[in-house]
Every structure is written in C-alpha cells, then in structure tokens.
Amino acid sequence: MEYIYAAMILHSADKDINEANVKSIIEAAGLDADDSRIKALIAALEDVDIEEAIATSAIAAAPA
Amino acid sequence: MAHVAEWKKEEVKTIKSLIDSHEVVGIVDLLNIPAKQLQKMRQTLKDKATIRMSKKNLIDLAFEDSNVKKENIVGLSKFMEGQPAMVFTDMNPFRLFKILEDSKTAAPAKAGNIATDDIVVPAGDTGFEPGPLLGELQQVGIPAKIDKGKIVVSKDHVVVKAGEEVSKQVAGMLTRLDIHPMEVGIDLKAAYEDEAVYTSDVLTIDDEETLISIQNAFSSAFNLSVNAGVPTKETIVAIIQNANSKSFNLAMNASILTSETTEPLLALAQSEMLALASAVSDSEGALDEELIE
Amino acid sequence: MEYIYAAMILHSADKDINEANVKSIIEAAGLDADDSRIKALIAALEDVDIEEAIATSAIAAAPA
Amino acid sequence: MEYIYAAMILHSADKDINEANVKSIIEAAGLDADDSRIKALIAALEDVDIEEAIATSAIAAAPA
Amino acid sequence: MEYIYAAMILHSADKDINEANVKSIIEAAGLDADDSRIKALIAALEDVDIEEAIATSAIAAAPA
Amino acid sequence: MEYIYAAMILHSADKDINEANVKSIIEAAGLDADDSRIKALIAALEDVDIEEAIATSAIAAAPA
Amino acid sequence: MEYIYAAMILHSADKDINEANVKSIIEAAGLDADDSRIKALIAALEDVDIEEAIATSAIAAAPA
C-alpha cells in the first residue's frame, strides 16, 4: 500500500501526483522505488476522480 | 547577584544544568497534589523524567541564564503558578503530557472544588438502609425512594454542572455515596522543546481521534486502490471481489443468464412469484391449490 | 403459478395485465385457460403494487 | 426477466422449454421475441436442473 | 461470465458495448465468440442503466 | 478496472493470465495497453487464488 | 491527514515511525514539516496498535 499512501499524501497536500513526487516520497520512506509500479499507479489514477474513489466504499456489503 | 545567598546561586546553577542537559522542560503546578500521589508520580516517571520544585524567582533566573543556549525558554515563565515545579525529560513533550494525564486518579470532591465535568449521581441502589440519608438526598434534589428495603436513586441526576462549585452539602453527600468526581494529578501547564513552548491545549492527544484517523487513512487508501484498480497485496483480493460483484450485479439486474447467474435468476423468478402470490393470497380463487398450500 | 408468472411477464414487459393478455399467455404455454381464475387474479392484483410486492421477495441464493 | 418468467411458466406447466414455446409466450405477451435471447436462455438452461436451482437457492418470500 | 466481463471492460473504458467490440474482446481472450450469446447480451443490456445495475446489489439478505 | 476485468475473462475462460493475453484483451477493447499496469496486475495476482477470492466475496453492490 | 499517511507508509514499509522518518516523507511531498504536529503524531501513535486499528476498521483487511 506504500504507493497508494504516497498518492494519498500528495492528494491531501494538494500536490501533483506524478512520478517524481511519488518516487521521492517512497525513497524518503527508506524504500527502493519501483519505477514500473509508480508508472502503473500514475496511469491508473489519471482518469480517476480521487475524491470520489476515496469516498466510495470498495467492499461489497456482506448479506447479513 | 552580590546579595544573593550562596544556596540560591547553587540552586540556580543546578536548575540551569538540568535545563541544559534535557531536551524538554515542562512546568507543572504541585499545589493541591497530595504528597503520596507526587511520590507515585515520581516512581512512574523514574528514568524518564525528573520533577524538581523550586522558587519561582530562582527558576526565572535559571531560565534567563539558559536562554542563550535554549532560546525562548523564558517563555515558560508565565505558566508558573501555585506551587510551580519543573519537569525535565528527553521524552517528546506530547508523550510527557499524556503520561501525566493518564496517571490522574479519581478523588472525592471537597467543598469549593470546581467541577470539570457534570457530576452525576447515577440511578440505582445506594446500598443504604432507609434512614436520614433519604431526606438528605432529596434535599439536594436527587430523586430517591425506598425500594426493597434500600435507598434507591430513581434516575441519573446531575448534582453539579461542569464549571460550578461543589457545595459542602453536596460534597459530603458524594463522599457518602462513594462517588469520586474529581481528577487529581499533575497538570503539565506548558513544555519547552527546541525553541517552542507548547501549552496544554496543544499538547492534548485524543486517542480516539488517532484511532479514527488511522482507520480513515486506511479506508481511504483501500478504497482508492480498489476503485481505481491499483493492485496491491493488501487489496488485490478486494479488487477481484469488487469486479466480480459488479459483474454479477449487472448480470442479475439485466437478467443475463451466465454460468454464475442462471440458477440465482431462476430462484429469483420463483421468489418474486411467491412474493406476488402472497400479496394476492387473501383473494379467493386468485391462486391455484399448489400455491395456497 | 403459471397465472402469476403470466402476470409478471406482462408487468415486466410494461403491458396491461388484463384478462385477454393473461389468457393468451396461458394458452401460448399450451395450457387451458381457466377464465374464473384469471378474473380472480386480475381482481386481486388491482389493489397490489406489483413492483413493491416483488421487491419484498428475499432471495439468498449463494452463487456457487 | 420476461424470458426467464416464460421458462418458468413452461416449467411449472410441465411443458418442454424450447425455442418455439418460449417464443410463443413472449409474443403472446405482445413483445417482439428476440431469437438470440431465447437461444441464450435455452442454452443456459440446458445444464441446469430447474427444480434443484429453485430448491437449493434458499428462497423465501420476505416476511410481510 | 466472460461476456459480462467483456461488457464491463467496455463500460469501464467508456467504449460502446456493441457486438463488434464484445466479439473482439472475447476472441482476444482466445475464445470462440458465440454470436447469438453476444446478440443476447447486447439485447439484454439495451434498456439497462449499467451504472445503476452494477451498483444495485442483486442478492437480498437471507431471511433470518 | 479494465485490467482486472481482462484478467477475470482469462480466468473464467481458463486461459493463462499473462502479459500478452491481458494486453491483447485491452487492445481489443480499443484501449492503449499500459505495460506497467499489466505488469503490476500480473505481479499482484501471482499470490492470489482468484477462485477462492470470488467464492469468499459477499456478492453485493458496494454501499454508496 | 498527510502526517497520518506518512506514518502509514512507514508502517506498511515496516520502517520505524519516528520524527526523522515522518519529517523526511513530509518534506519529500514538498510540504513544510511542522515539528509539533510530528511530535504529537509520534506520541499519539505510541499507544496505538496500527495493525489492530486497521483490522478493526470498517474495512477489514483482505485475508493475506
């Protein structure tokens, strides 16, 4: 989830979610940044309304 | 400091060296702190923090001397009140505040105490046999009666509102009822670290809020990962399930027969039919015998 | 149950649930239509909100 | 759901669920029968024991 | 479910859910496309608000 | 979500979920395939039993 | 929430959640790190089991 959290930091700080920014956060956390995962993250988020995606529950409601 | 007594000079020097050798300096008020509790607190903080009482003017002198190296430490001065004491520690000041808060204990109310929260006498059995207590309770407005040979408070009653003073009569009553509404402990008025003075309102940490923040952070990240289709090891299963559920919903709601939906759709048809049948079951002749059974 | 299903077909096709329509479905299924039963059903359905009635069906089909 | 209801009529009338039968019910309901949907229905039902599907899906009308 | 998944890909990519598109996805998956199933799929989806259908839970809770 | 649906098609068609297969489905849907997203998906799926994930999913729409 | 997200990155990367680490993530995100907020966070997290908080959150973590 590190990459997602990195995107969330940038989102909540109103910063651009781009490769360079995600990479520097990942590295600041002491991790080796995986460029292809970062690219995949950025690509996936491109067309997404992040605010909405965050607010929409991703879990199927279990039938009681 | 020509006229200053030697012991005072020594004291200022000692305080200064304590200040210089600790990251964090806090100010507390020990007035109204029972000796026993102070003893306990010192025990709790052993190895982590040192509490030192002194005279306000000597502390101020030490602050002024230290201010060269620890800029802004004189800012602590205005928080000294009552019986001021210093706390020296290398702990994070928020941590220090929390430890002090968490070690506060309940104590009986005394006449003249100001209630920090509403003081409530809860409904229930007081454990007392019928006697003069009943009248005394009623006198301070507590709804009480005799039930099964005991004095019983019939419903929760606020005897002192937050911010109000506890009267002698109420204080005595609360003590007899074994209600200890006051919090006794050391208040950290302010703490200094790294040129900043933190006041108690800043230092307050709400555990519940921390927990909620963590959970929100996790849910938000989780939702983003699943809804944007960014697979992670924590979310890949949910991503699959989400895709499957949505597909299943579409097939069911559009009545599209697939390997997964044919049987549920048949069952749904039957179930809907039974539901409609039951809606008309009061009308004679509307249903065939098979359904009436 | 055939009569109920016939009514449900008409309902889901947004067609009028009347005697003639129910009858022709029943007959299309190769059955002899019982006029009095159809009448009774139509009468009974008059006071029923079919959409609502259907919605109360509770299905717990565990997809295998 | 019309196609499925049609199949259920045939099933409960103990009639053969085949293209012709489904089609005539659909048309009796005043609908244009879509051959591909009928074919898909028949194909899907081929491997399914309707009686069992109904019985094993825990179905129950919701308590009113 | 392959056909449904194909429709879901097109829907989430904001592409037209038509026979040609579904067919090419099915074939890209290495499957033989069954034209009549595709037609049936398209027909079934014609009047459906897909976004709503996806979001509406299809299975009700089992009665206790 | 296109990539995950592509994987689901392959899974339900019993085909190998690999980069080439996912890519051709994505392209068949008229999309530009993003290699990094495909790689990330394949990597994430490596340790997951899709069948089991589906079976344990409470099938229901995400509550809004 | 940036500070919490920074802590979550460190947690999920199995790194120590301390002032220096949080600070470098915050700064990597292009933000001015507020020392007092970081200190407050670290102090607050000392008594909280993040793993447990996650497990008891409305969204249960996917089974590993």
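Order of writing sets the chain letters: A, B, C, D, E, F and G. Residues in each chain are counted from 1.
Simple rule for what comes next: a contact is a pair of C-beta atoms (placed from the backbone, for glycine too) under 8 Å apart; a residue touches a chain by one contact, two chains touch by 3 or more.
Being a predicted model, the structure only gives us computed values, none of them experimental.
A.B. asks: Where are there more C-beta contacts: B-E or B-G?
C.D. replies: Looking at B-E and B-G side by side, B-G shows more C-beta contacts.
A.B. asks: Out of A-F, C-D or D-E, which pair touches the same way A-G does, with over half the contact pairs the same?
C.D. replies: Residue-number overlap above half with A-G among A-F, C-D or D-E: C-D.
A.B. asks: What's the chain with its C-alpha centre farthest out from chain D?
C.D. replies: The most remote chain is B.
A.B. asks: If every chain is reduced to the average of its C-alpha atoms, which one ends up farthest from chain A?
C.D. replies: Chain centre farthest from chain A's centre: C.
A.B. asks: Report the inter-chain centroid distance for chain C and chain F in whole angstrom, where each centroid is the mean of the CA atoms.
C.D. replies: About 41 Å separates the centre of chain C from that of chain F.
A.B. asks: When the centre of a chain is set as the mean of its C-alpha atoms, what distance in Å lies between chain B and chain C?
C.D. replies: Inter-chain centre distance comes to 60 Å.
A.B. asks: For chain F versus chain G, what separation do you get between their C-alpha means, in angstrom?
C.D. replies: Centre-to-centre distance between chain F and chain G: 31 Å.
A.B. asks: Taking each chain's centre as its mean C-alpha position, how far apart are chain A and chain E in Å?
C.D. replies: Whole-Å distance between the two chain centres: 29.
A.B. asks: What positions in chain D touch 2 or more of the other chains?
C.D. replies: 1, 5, 8, 40-41, 57-62, 64
A.B. asks: So which bits of chain B are touching at least two other chains?
C.D. replies: Chain B, residues with two or more chain partners: 217, 220-223, 229-230, 232-238, 241-243, 245-249, 255, 258-261, 263-264, 267-269, 271-275, 277-278.
A.B. asks: Which positions of chain A touch chain F when the two form their complex?
C.D. replies: Against chain F, chain A makes touches at 36-37, 39-41, 43-44, 56-63.
A.B. asks: Write out the stretch or stretches of chain B touching chain E in their complex.
C.D. replies: 243, 246-256, 258-261, 264
A.B. asks: How about chain A: which of its residues touch chain B in the complex?
C.D. replies: 1, 3-5, 7-8, 40-41, 44-45, 48, 50, 52-60
A.B. asks: State the interface residues of chain G toward chain A in the complex, per the touch definition above.
C.D. replies: Those in contact with chain A are residues 1-2, 5-6, 8-10, 12-13, 15, 21, 24-31, 58-60.
A.B. asks: What residues on chain B touch chain F, complex-wise?
C.D. replies: Going by the criterion above, the answer is residues 229-233, 236-237, 239-249, 259.
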